[in-house]
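Following are the structures in question.
Each of the next two complexes has subunit A plus one other chain: subunit B in the first, subunit C in the second.
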Partner chain A sequence: MTVVFLGIGATAALTSANSFDSKKLHISSRRLVSETKSTFFVVRSDGRLNSGSNRRAQILITNAVATKADSSPATKPGHELLLFEALREGLEEEMERDARVCVMGEDVGHYGGSYKVTKDLANKYGDLRVLDTPIAENSFTGMAIGAAMTGLRPIIEGMNMGFLLLAFNQISNNCGMLHYTSGGQFTIPVVIRGPGGVGRQLGAEHSQRLESYFQSIPGIQMVACSTPYNAKGLMKAAIRSENPVILFEHVLLYNLKERIPDEEYVLNLEEAEMVRPGEHITILTYSRMRYHVMQAAKTLVNKGYDPEVIDIRSLKPFDLHTIGNSVKKTHRVLIVEECMRTGGIGASLTAAINENFHDYLDAPVVCLSSQDVPTPYAGTLEEWTVVQPAQIVTAVEQLCH
Partner chain B sequence: MSAAATKIIQPLPLNSTTTNRSPHKALFNPLKATPISSFPASTRKLRLTKPNSPHARRRSTSIFAVSDVVQEKKPTSNTFFPNLLITKEEGLELYEDMILGRSFEDMCAQMYYRGKMFGFVHLYNGQEAVSAGFIKLLKNEDCVVSTYRDHVHALSKGVPARAVMSELFGKTTGCCRGQGGSMHMFSKEHNVLGGFAFIGEGIPVATGAAFTSKYRREVLKEGDCDHVTLAFFGDGTCNNGQFFECLNMAALWKLPIVFVVENNLWAIGMSHLRATSDPEIWKKGPAFGIPGVHVDGMDVLKVREVAKEAITRARRGEGPTLVECETYRFRGHSLADPDELRDASEKAHYAARDPITALKKYMVENNLASEAELKVIEKKIDEVVEEAVEFADSSPLPGRSQLLENVFADPRGFGIGPDGKYRCEDPKFTEGTAHV
Partner chain C sequence: MAIWLRRSRSLAHYLKAEIGFWKVPNQRSFLNPCFFNPEKSSSTTLTGENYGNPPSFLGNSPTLFGSRRFESIKSGREELDLEDENGGHQNQAMDFPGGRISFTSEMKFISESPRERIPCYRVLDDDGLPIMHSSFVEVSKEAALKMFSNMVTLETMDTILYEAQRQGRISFYLTSIGEEAINIATAAALTPHDVVLPQYREPGVLLWRGFTLQEFSNQCFGNKADYGKGRQMPIHYGSNKHNYFTVSSTIATQIPQAVGAAYSLKMDKKDACVVTYFGDGGTSEGDFHAGLNFAAVMEAPVVYICRNNGWAISTPVSQQFRSDGVVVKGKAYGIRSIRVDGNDALAVYSATLAAREMAITEQKPILIEMLTYRVGHHSTSDDSTKYRPVDEIEHWKTARNPISRFRKWVDKNGWWSDKDESELRANVRKQLLQAIQVAEKAEKPPISNLFTDVYESLPSNLCEQEELLRESIKRHPQDYPSDVPV
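Let's turn to the complex of A and B:
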């Protein structure tokens, strides 16, 4: 869990917490477009500070998301909200901060977004900034890319991630590649976001996981949010990034509730999140499967295991530092993902771990993924296509013996 | 689109003495060979139906965009030719641009066969009137989006010939550092937004550039932002979904864009008539509430007149225009195309209407310039092109370190390595030795 402090007003509190020397911290002067300059900095999930220079600071406490956030005296109590509201908050803050940020998608304006992520934003910012597009994914994605090349910072919403398959031409050829093909002349600071994943009996075409299809596209970054806290932080980071970023949300996670800080914070796009430190085995997961893993973790703890759970968050590129440190500690890896077995994120992650940390492994990397099956409508069948906590428990037991 | 909103303006072909035309007659009839604009595609005999007569009658509410200048200029009684549409300076500028396009493309062919450039190279010979006619009316801030046949669009927009030639040779001094190639000419300085290999792919990008222009005016309150975007594409693209989707969006939001169709009748070996149910592309504009115009794309002056109106419309905030330019490519689709399917008589017909020869004739006959002056321009361009080749030849090839340099605008996108540092912080990273 990362904890962030606003520069002003919190410095006293900073010095009271262990071992910060706030004078050593270098607050980078960012090129903010808005008038108000709020200084803030990001604490990385392993406690290091990142604010334009990589000065190290003392490790702060990290906590599993399932438990209450550890409140140090500096943080205000924060406010509670649902994940989709956190996304909207992040989006709104960025739109307020930079007038070039705009949203495009189907039903994002007057309807407020099919999952209410853009609710009321059209009233506040107008129909051009929160643009209701016709049903033409390929073209409005291309349009957002053209707008990004000429100075705007659009956010493309796919009503369901699966619909972005229609935009694959633009995402692959233009979004990912134009910066390179133009010799670095044009940047494409778009954010492509939308809900994906297996829901509750939504049928095969509305239950797609596109991270496996997009991961090979050079030039894009992919992140997956899983809690209100990281949803807001990743949304803000994605909008501020000069790279095209695909933000994967999950249909079933929109109503998760959490208390998040009142202060402004931005997370690091390339970093993984330590959910639960442990000793026996490293479990790597992302998005909805994090909750299946945490559920399995409860069972495992009762059985005497101590799993280390990491939410990789950054699907492309992988945070090999956090992952590597964990592997070096536990020597066993289990990957739990919702992607299809073939060519999924788990497959790439397995390859990366084997290549980089082979010497540290005591057992082969095990990857639990969804079945290579179109998601069935029937509830029972659908349950069997995704990884369930019981399977995770079994896998851990097998790996640890 | 209500009838009340439709303005019916009769089009005036430039070299006709009549000022009125019946609304029932389409601007041109592909089946009738008329001296002004005939459509002798050699596969005409393959057409089984006559699609156009009933359509033309129903289309009495089609909108024709017309140049105010053209409408006002009624020809004098003695002349068959219209009043002069250009000044001497404009004429010379157009001539120079077209000569540059032609010479450059001819040099490309030579260099290709000498092994200096590779891959797919698509040459623009014969279509120069469209590029010169449209792009020379633009400001620097206006954007141009093209297809793989983009060398001349880039040149017309102002990208130096040496930068384009270097790009074709794959050198670091190319406009895209050698990373784009023939089909991906980009220039931020001159607002050339590509260069796209897949047809239709650039049209949404152009729509986005036009969207930015509108956004800047209305959201960012830059009241004087009237930048226009031109999207160039071919007849084959007009059967592609992205074309129609973007016509819809551009019309819906009245974006400042002009859709320029370079209808050269052939998509590699596929005749336009064999691929399209209704081959008159300009008629597809009114279906979306956009004016559709057909113009003789081998005549730079006619193109320029239509372009003026279309661009002015866009600048005034009145929305997009669809302009179909009937043109022809003298060479094959690309340098790899043997060009065996096209009829010799068709090629001869259009070769006789070479836009450069036509402009030269116009300027000389109307005493805008002498042959000698035009020769000077030709010589100058020869030197420019030669110099471009020399420059490209002597430029360095990209080094290994260039491989990873532009993949991400923010190279932190390459991620964090096992040692905890961002990969891009490794000083040897751009040499590609870092593990990605």
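Let's turn to the complex of A and C:
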């Protein structure tokens, strides 16, 4: 039995039929089991750790993304792989399926990509379909747009999302606009992808969260993957979409391992993912922060709370249907994001929730984000610009009582 | 249209001027690109890299993509006794990343400005007489008259629509006065399959391809027959079926896009090329440099046409760049280039035809710098008399007018007369005025078009926003324009 879930338009995403489907879909998307360490700690108001536990608590934070696949017996269906391999699988399947799909970017060819997402593809499909470009982001993005207008389906890889700031002109003025200004005569089915977010001491320039800057551009769609399962599904959906899609990957999530189905599947670009159903509070998050939230969720469960965790996945447009249903159930919302406080995805999401679900809220929407500072290089400082599980626990406690 | 080739010995000599001459096994046709090959010394190319196989120009050219992958840089010296043309003893050459380089013990800086500027290819003199020993592709009467009447139509269209803007009937306009030869003659050299990415001063290309005066007017008035559905400002034409990409206001963004379009043609192995236009000002944008570089590296069949009209709004070329114009930049990127008199329709036609042939058979980009003058203002938002002398404008409008120059040549062939001229002008004028009337009276696109085509299908947030707008309109009907259907 093949599970084929085709990506459909946003309007369809809001029908109730879809939410049923999403539940069905998520049977196979397990919550990742992280190594449990039974310590927890309280963050005091002055920010100092008042940890009664041992130093291992520190390690707990930095390893928040370390996960192991389910250690169940081999009778489980599907195959295990890492997130970057899942991206590659999705990409390869689409290139096989449609000869118009091509990849361009820096070092994507024989080098296989800086994060190995395009490894071996150049050998298989040739230098023309997996194209190495000179270092000019605005230009190869422009090139992809021109190719798309002439009938190809290019995928642009930014070596790091931050470099795509150089491509902003092409993305905003041409990619997002040309379908509209040409009166629908030309379509731009490009996929722009790359790793972003705060990594491990990569420095400020390589720790950009571009979703904040791009979210206003009309005409594009934005999605963020967080697990191998949704990475492959979103990659395939993005390639098949006629709209320009920006797929945000995270530098620290490439080595996540998960078991994904053998059968082909494509996810819905406009849909959010229910990670953990609950009753007390809705926690909205995406990308790496999902893992911090799940970490905090363990603590919260131990403390007797029942958080509902939703990975919003679709950054533009927001899946207000799933989010709305959740808010109507729990009446409290906490947003956990990696963007800066000012003008980030959280800021827009807060506005959207307040506008649409004001009557259902028992408390103001709380948004935990990074501070409005360039990401410092020093490891300890970097850790504290990113929202940590402890802060999430505190915020939930404050919201819920 | 019948084209026959002028086989002239003088051709070879004429073209030898700046470029070296490659020994040709057989001269198949005038358009054999080996006439235009750049200088080569022994078996190394301009970049010093040894490709192994010279470009094949007698049929399908192999892409050189795979040939250079992971070739180790052969280090170690070879004892070569090379007598360098620059004089000086050098009997050693060394491998560096990028190829073999021979040494010189003379410290010599390459001059920033040449003693002589690159000469400009032209066929007709100011009186419309073909210059002695000039080489060009002959044009039949039919073709010449088609070119001529299109140039006149373009000029008339520009004049009348400019006036329409001045009268407040359209909001904006931008003329191509003075550049009619570039517009029409380049278009005449292309086939309908060649993809065109314009900047904004090339409506003549669309005109040549069959865009009607009514279609032009519809776009300018933004009515419901406009292919752009009224979303863009005037002169931002675009037509899928004419292979003319929609004009995007941003300067030079079409240059890398052209590489992408060419890449697509290359993948599909189509017998077509991409042609993209930009002005002298556009060559300062980053996209120009990266785009040309890409085209050369990707071996993309693009013909880059730079309309060097001397002005970028109020910035003269002397303040735009310090190089010898744009043609020398081609060499810097490894691109074959030529400088052409942009007001000479025959020269423009011949050069474009040759460039197109080279681009397709050799799968490489070509750069053509067309020298001309922007007679009109930059646009209706500009008054160029503020920054340049009126008599300069007049001079180029009259004495150096490309249409009258071509007219003289056509007249001398006995193909045209004053009576034909006045008939044509009157006809075009009448047709255009009619088209404008129809366009002006036509309905505007309905309000739903504000929200469609942003995405492939209408998303929920836009649905919502449309609802809100419609509610607003219902509440304040007196503030809503009467010619926009709800």
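What we mean here is this: the second predicted complex is superposed on the first by the 325 of 401 C-alpha atoms of A that agree within 3 Å, B and C clash if a C-alpha of one lies under 4 Å from a C-alpha of the other, contacts with A are read in each partner's own complex, and residues count from 1 in each chain.
By definition in this document, a contact is a pair of C-beta atoms (placed from the backbone, for glycine too) under 8 Å apart; a residue touches a chain by one contact, two chains touch by 3 or more.
Bear in mind the structure is a predicted one, so any value in this text is a computation, not a measurement.
A.B. asks: Since both structures carry subunit A, what do subunit B and subunit C do when superposed there: clash or fit?
C.D. replies: clash
A.B. asks: Taking the superposition as given, does A:Val396 touch the first partner, subunit B, the second, subunit C, both, or neither?
C.D. replies: In the superposition, A:Val396 touches no partner, neither subunit B nor subunit C.
A.B. asks: Would you sort A:Ile145 into first (subunit B), second (subunit C), both or neither based on which partner it touches?
C.D. replies: both
A.B. asks: Considering only touches as defined above, state whether A:Glu271 meets subunit B (first), subunit C (second), both or neither.
C.D. replies: first
A.B. asks: After the superposition on A, what does A:Cys102 contact: first (subunit B), second (subunit C), both or neither?
C.D. replies: After superposing on A, A:Cys102 lies in contact with both subunit B and subunit C.
A.B. asks: Check whether A:Gly324 is in contact with subunit B, with subunit C, with both or with neither, and answer first, second, both or neither.
C.D. replies: The answer is first: A:Gly324 touches subunit B but not subunit C.
A.B. asks: When the two structures are overlaid on chain A, which partner does A:Ser314 contact: first (subunit B), second (subunit C), both, or neither?
C.D. replies: Once the two structures are laid over each other on A, A:Ser314 reaches subunit B alone.
A.B. asks: For A:Gly219, decide between first (touching subunit B), second (touching subunit C), both and neither.
C.D. replies: After superposition on chain A, A:Gly219 lies in contact with both partners, subunit B and subunit C.
A.B. asks: Does subunit B (first) or subunit C (second) touch A:His110, or do both, or does neither?
C.D. replies: Second partner only, subunit C.
A.B. asks: Between subunit B and subunit C, whom does A:Ile192 touch in the aligned arrangement: first, second, both, or neither?
C.D. replies: Neither subunit B nor subunit C is touched by A:Ile192.
A.B. asks: Looking at subunit C, which part out of 8-16, 62-70 or 80-88 clashes with subunit B after superposition?
C.D. replies: The overlap with subunit B comes from subunit C residues 8-16.
A.B. asks: Touching subunit B and also subunit C: which subunit A residues?
C.D. replies: 102, 126, 128-129, 133-134, 136, 138-152, 169-170, 173-174, 178-187, 218-219, 221, 241-243, 270, 317, 320
A.B. asks: If we count contacts the way the header does, which residues on subunit A are in touch with subunit C in the complex?
C.D. replies: Contacts found on subunit A: 9-11, 13-14, 102, 110, 126-129, 131, 133-134, 136, 138-152, 154, 169-170, 173-174, 177-187, 218-219, 221, 241-243, 270, 317, 320.
A.B. asks: State the interface residues of subunit C toward subunit A in the complex, per the touch definition above.
C.D. replies: Those in contact with subunit A are residues 63, 65-66, 69-70, 195, 197, 226-229, 231-232, 236, 238-240, 245-246, 248-250, 253-268, 274, 286-287, 290-291, 293-294, 297-298, 452-461, 463.
A.B. asks: For the complex, give me every residue of subunit B touching subunit A.
C.D. replies: Those in contact with subunit A are residues 143, 145, 174-180, 184, 186-188, 193-198, 201, 203-216, 218-220, 241-242, 245-246, 248-249, 252-253, 405-410, 412-420, 422-423, 435.
A.B. asks: For subunit A, which residues count as touching subunit B in their complex?
C.D. replies: 99-100, 102, 126, 128-129, 133-134, 136, 138-152, 169-170, 173-174, 178-189, 218-219, 221, 241-243, 269-271, 314, 316-322, 324, 355-357
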